[in-house]
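Below are the structure tokens for one structure; questions will follow.
Per-chain residue numbering starts at 1, and chain names A, B, C and D are given in the order in which the chains are listed.
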Amino acid sequence: MEMSPRSQAGKELCGAVRRLSPQLVNNAAENDRTGVFAAGSVKLLESNGVLASCAPVDQGGSGLDSLFDLTALSAYLAQSDPSLAVATYMHLALSWYFARTWSGLIGERRMIVCSAVAEPGVYPWELRTTAFRSADGWAINGRKVMASISPIATHFYTRLRVESDKGPIIGSVMIPRKTPSIEVIENWEGLGLRGSGSGEVIFRNCHVPWDAVRPRGTWGVRDEGSFEGRVAATAPLLGVSLGIAEAARMTALDYLIRQRADPHGPQTTSIGVGNLLAEIELRIAAARATLKIALTDFDEHLRDSAPRSLSATLGRTLMKECVSAGMIVERAAVEIVDMAMQICGGASFLWSHPLARLARDVKAISFMRPYVPANNWSEFLVKETLGEIT
Amino acid sequence: MEMSPRSQAGKELCGAVRRLSPQLVNNAAENDRTGVFAAGSVKLLESNGVLASCAPVDQGGSGLDSLFDLTALSAYLAQSDPSLAVATYMHLALSWYFARTWSGLIGERRMIVCSAVAEPGVYPWELRTTAFRSADGWAINGRKVMASISPIATHFYTRLRVESDKGPIIGSVMIPRKTPSIEVIENWEGLGLRGSGSGEVIFRNCHVPWDAVRPRGTWGVRDEGSFEGRVAATAPLLGVSLGIAEAARMTALDYLIRQRADPHGPQTTSIGVGNLLAEIELRIAAARATLKIALTDFDEHLRDSAPRSLSATLGRTLMKECVSAGMIVERAAVEIVDMAMQICGGASFLWSHPLARLARDVKAISFMRPYVPANNWSEFLVKETLGEIT
Amino acid sequence: MEMSPRSQAGKELCGAVRRLSPQLVNNAAENDRTGVFAAGSVKLLESNGVLASCAPVDQGGSGLDSLFDLTALSAYLAQSDPSLAVATYMHLALSWYFARTWSGLIGERRMIVCSAVAEPGVYPWELRTTAFRSADGWAINGRKVMASISPIATHFYTRLRVESDKGPIIGSVMIPRKTPSIEVIENWEGLGLRGSGSGEVIFRNCHVPWDAVRPRGTWGVRDEGSFEGRVAATAPLLGVSLGIAEAARMTALDYLIRQRADPHGPQTTSIGVGNLLAEIELRIAAARATLKIALTDFDEHLRDSAPRSLSATLGRTLMKECVSAGMIVERAAVEIVDMAMQICGGASFLWSHPLARLARDVKAISFMRPYVPANNWSEFLVKETLGEIT
Amino acid sequence: MEMSPRSQAGKELCGAVRRLSPQLVNNAAENDRTGVFAAGSVKLLESNGVLASCAPVDQGGSGLDSLFDLTALSAYLAQSDPSLAVATYMHLALSWYFARTWSGLIGERRMIVCSAVAEPGVYPWELRTTAFRSADGWAINGRKVMASISPIATHFYTRLRVESDKGPIIGSVMIPRKTPSIEVIENWEGLGLRGSGSGEVIFRNCHVPWDAVRPRGTWGVRDEGSFEGRVAATAPLLGVSLGIAEAARMTALDYLIRQRADPHGPQTTSIGVGNLLAEIELRIAAARATLKIALTDFDEHLRDSAPRSLSATLGRTLMKECVSAGMIVERAAVEIVDMAMQICGGASFLWSHPLARLARDVKAISFMRPYVPANNWSEFLVKETLGEIT
């Protein structure tokens, strides 16, 4: 009942990830120990065509056009290495969303996109990175954090404050790494996701041409019209939570099956262990189902529609489903990791145990979904719910 | 994002229930107050063709062949009246399962099936109602409880201990009400589901022909091979839990929307009320998704297959999904009713308030699903889960 | 580890309740069935001196001056009959609080106080019952609801809007039942607490002397200074929640012990039943401890202090503890009743089963504690918590 | 409402810890970063007399004889540094328990006891470390893990398999560090408690005199008679969980109070943040109360009784309370840390944030309490509960 890909392309990509899994798992442990970016694993994905999933077939990609399958792919990646899944999810989401525009590059496997949007303690609609007019284009200055995959990225997707004719607006821009004066600092020191390469990117008077910057709304005003893009960008992240939950569950099951022969080991017939396992099954079932239904709904409305073509109402409805599914899957993942540790006992508290890594990784997702970290997902749900029926 | 029917027949039937809803809701309140069977509502369903849902179109039915839609139908019924939904779910499930055999009668709207299987404190494989050989058939004796819809049933589906040539076996039989010596006692005094007509049925030397009794396994031995039928018989019951949850949610939402104008009323912007509403949304989302996915899976494997044709492994897998979904939806329903009451305040504690009825009705489902009341759903899940992967 | 009384008077009173328990339990079942006020049980308590608990010994009472023991007494009563505990808790709390003033009457067992304060959908500081000046005193008019024990009360404690010289204020008054033009309507139709006699009391131009009305703050303004009295008035109510939890737990334990011999019955060695029982133990332990600590703190500050002598800060601190303890004990009680029902199986869904009554009774307490039903206990806790440390 | 010490000695010791707190907190962060044992902090405690808490006053100690206060002391330590609290709790518990025997040494501040009992994957009654008879005493061989404070210990308290005349028994022994052939390996690599010095201790033919080894029951048989000592040894550990919860709560409160001025920061008036804070308050209240009541009960029965003098029944009752309180406090601590992280947002996911450390530390306690890691606390509670009432 796992979340399995439905398209042929999805099946092949997930199959590739599964085949690479032993290597990815090894790398994950090592990267976590040393706190070093998962460059080797990203290269593996690249050379196996996973990073080109969304590019058209005739351009060297796999033509994956289903968010469902893209999310399943993220879940498969996270089962092996959540750091890797986080490092690549935004590249995948952006390449899905902008497939028509940049797919050539992605398909030729020459493009690895890093989302360098976040700034510390700043709302997305009040970003402080600036684009000022220069002689023949824009000059970009600012500091971005949590820029996963940045050590190896070829392009930086960023959002910033554009000093336009009509005052400050939010703009988006894709900046090639070869642009002079970009500094990537590998200074990520997180509790988890230690292999995700989520350090800083600094732009110092980086120059981009006039048409590289696209308007995305008024600066300082929460953009309520961009739900569609945010849903697409968030969906694979929910797959990461599910993948972590799947990995934790499987670790506990493997342990119990190995323990069977040992009369002293924790037995599934004991009340404590048995109940933990039964509750894991309930949580994983609800998480899988919620994610499957949400992604089916997303595909139904987003798969074949032009970007930014959805009605505001439908955009909000999908966003509500995205926020709800995110909370449900994330809570399940946190609880499943915790219960798996209780099943596996004190050994799972050693740094080298897979669950000791998952317990740290799983906490990250709370801070990456929309409507966090300000914890206003409740407000959003309340508003949307009452809005729906009046 | 509600669980809506997918087939044309399902849409028409659910539409009919929605149209009848005001009348059904009124009846529900009155039946609950007086503790009287919902005969009027059952008649309404009968005359509107709802009880013939699963009969072929050419025999006067609606030809509903999807368990998904049948479960959605139960959920719609439960939104108006859980007693009515419980009274009819087994008739619907049995008519779905046996469509080919008895559909004619059902289609002609002359058959209302009551499941008179349960005996107090007795496992399904150790039933004490007996079938002994008589001169020209079987003589049936025993007492059945929790026989919902019995006051108005035309047929009683029952299971019993058959004294066969090879020793005691479990048998099933459909007994027409006109058979002499059947006594229906309207003595249902439950905490909830007070309109479900769940009293006793007593068979005193009831005679049925030889071929009426079908073998269903050895008496005294848990039948592990009948998962398929039990999944089908349970599915609509999960719809009842969901319908109760939907009704409770809608009651709270209606209340909040009405209260908006009153600055003294509970406001959705308050931490307490806002959080309750947000949590309701998460629970209903998980419950809906879990049920949709489970029913999609059931339909995939059961819709077009002959009865008893599934492999044991697939049967167990579906049963696991059924048990898991049952727990998830039921817990969500219990919590949603409780949170809705907190939102609506003290008024919801008055007997006449819809939530005061739902709070009682919702507790029943715990005792009707498979692997309860002995609370061995955990054991089942544990066994199946470890079995899956070894 | 139960919450047992500590003083000699408390021990004797709780002992008396325990001796009366078989009779009280019988009455509880009967009153719940018929929806009739627990007059017989109240009389039993009266004749055994329980209603005079807080009156001084030399005036015929027991001299109980500990809120801890008073709360334990309420818990003991609720173990036998939550309706009875609710009917009497406000009489007990008021007699504790006002011991010096009216203790004579209470001691002589001629006074049974009914708290007739609540009005439907009205905040306590905006009551609509009025006291207007008449020739030689006040004329009182208004309708009160949820007036537990009203059928048998000798006095009505009420709060109302007093048209004073300086504008409308909130006033309190104790009105003897013999006052002309008081109507007690036995129209309580609650989901639970059906024997609590919580119907309406109507005052129609009831006359009381000038000095009977005491000022309690400005009308329309939330009184933040009366925490002390509200803590005292709420404490025994928390005992009712605990008593319900104790009764539900004991019902489940009795059942399991009786079932032991039956290999088919639910076994405590099963994962499901075992886990339910273990979780019940954790919840009851936390509930008992929380209530014991809270009441120890209340006694420390309230037992020997004159009414209204506490500092506002201390009052708020005690109120925070009271609100927190209320939520903790109430949640535990709701969950324990639910888990006990799951242990006891379908039989507990019959109207006549003790748990079917407790499941209804336990829901009431949510609507009776301070800071409900507007669900603003969260706001209160947040405000107090941040206030504490700044 | 914190758990504050009650005795004068307890107040002074907790006061000392509070004064040292800024230094301890600094050390905690540094030790966690480097994964190095908290030697400096232990020295600070030693020189301030904290390690001699339980030694008599006339021998240079503080004469602390209350388990309540000892547990409060552990909670205070854990508020500053859970690693330090874990490193010292067993020294404190053992010195409390054996105060009469070794108190001289402890009082003179020359004794730091390390509990080197645990062996990987081995039940306490089946230990594999052996004591064989040699010419003039016992020769001890074996490997112990999770030996907190071992880098600096002067004595190792251990349990082992003694080859006695009557077959294998469990024995206990206190081994001075100066004994030849003890190797302490600083190889602790845990997810948390990284400063606790919980590496391995290896005994290679270590010699102790005949009378150093004390019999503690039959080898291979679960010792049901040693509840008293285990309760005493566990109590301070529950304080560690509480201290972690207190620290996490205070971190969230400090953050919110600092954020107040920032209209963009998370506000306590938002549903999400407000609800998290309110729920933290409920959990900390229940945890504090449960621990206070348990420790009050322990002191009542253990404080003035001779070692091993309690009845088996009372021992079991106290153990049940200890196991229950452990689960309640531990669950609360895990949840409070998680909620505090959600309040503090993404910054709390950085390795250097206090909550990122607490989130790891808090998981450890699950594996250190009695009846874990085999997760048989449920079985224990079930057995004791039914045993109580029959």
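Here is the rule we use: a contact is a pair of C-beta atoms (placed from the backbone, for glycine too) under 8 Å apart; a residue touches a chain by one contact, two chains touch by 3 or more.
Keep in mind the model is a prediction, meaning the values are calculated, not measured.
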Could you work out which chain's C-alpha centre is the most distant one from the centre of chain D?
B
If I rank B-D and A-D by number of C-beta contact pairs, which comes first?
A-D
Just give me the whole-number Å value for how far the CA centre of chain A lies from that of chain D.
39
Distance-wise, how many Å sit between the C-alpha centres of chain B and chain D, to the nearest whole number?
52
Would you pick out the residues of chain C that each touch at least 2 other chains?
269-272, 274-275, 278, 377-379, 382
For a test of understanding, state which residues of chain C touch chain A in their complex under the given definition.
269-272, 274-275, 278
In the complex formed with chain B, which residues of chain A make contact?
1, 253, 256-257, 268-269, 274-275, 277-278, 281-282, 285-286, 288-290, 292-294, 297, 317, 320-321, 324-325, 327-328, 377-379, 381-382, 385-386, 389-390
So in the complex, the part of chain C that touches chain B is made up of which residues?
120-121, 123, 126, 146, 189-192, 264-266, 270-273, 275-276, 334, 338, 341-343, 345-347, 349-353, 356, 359-360, 363-364, 366-368, 372-379, 382
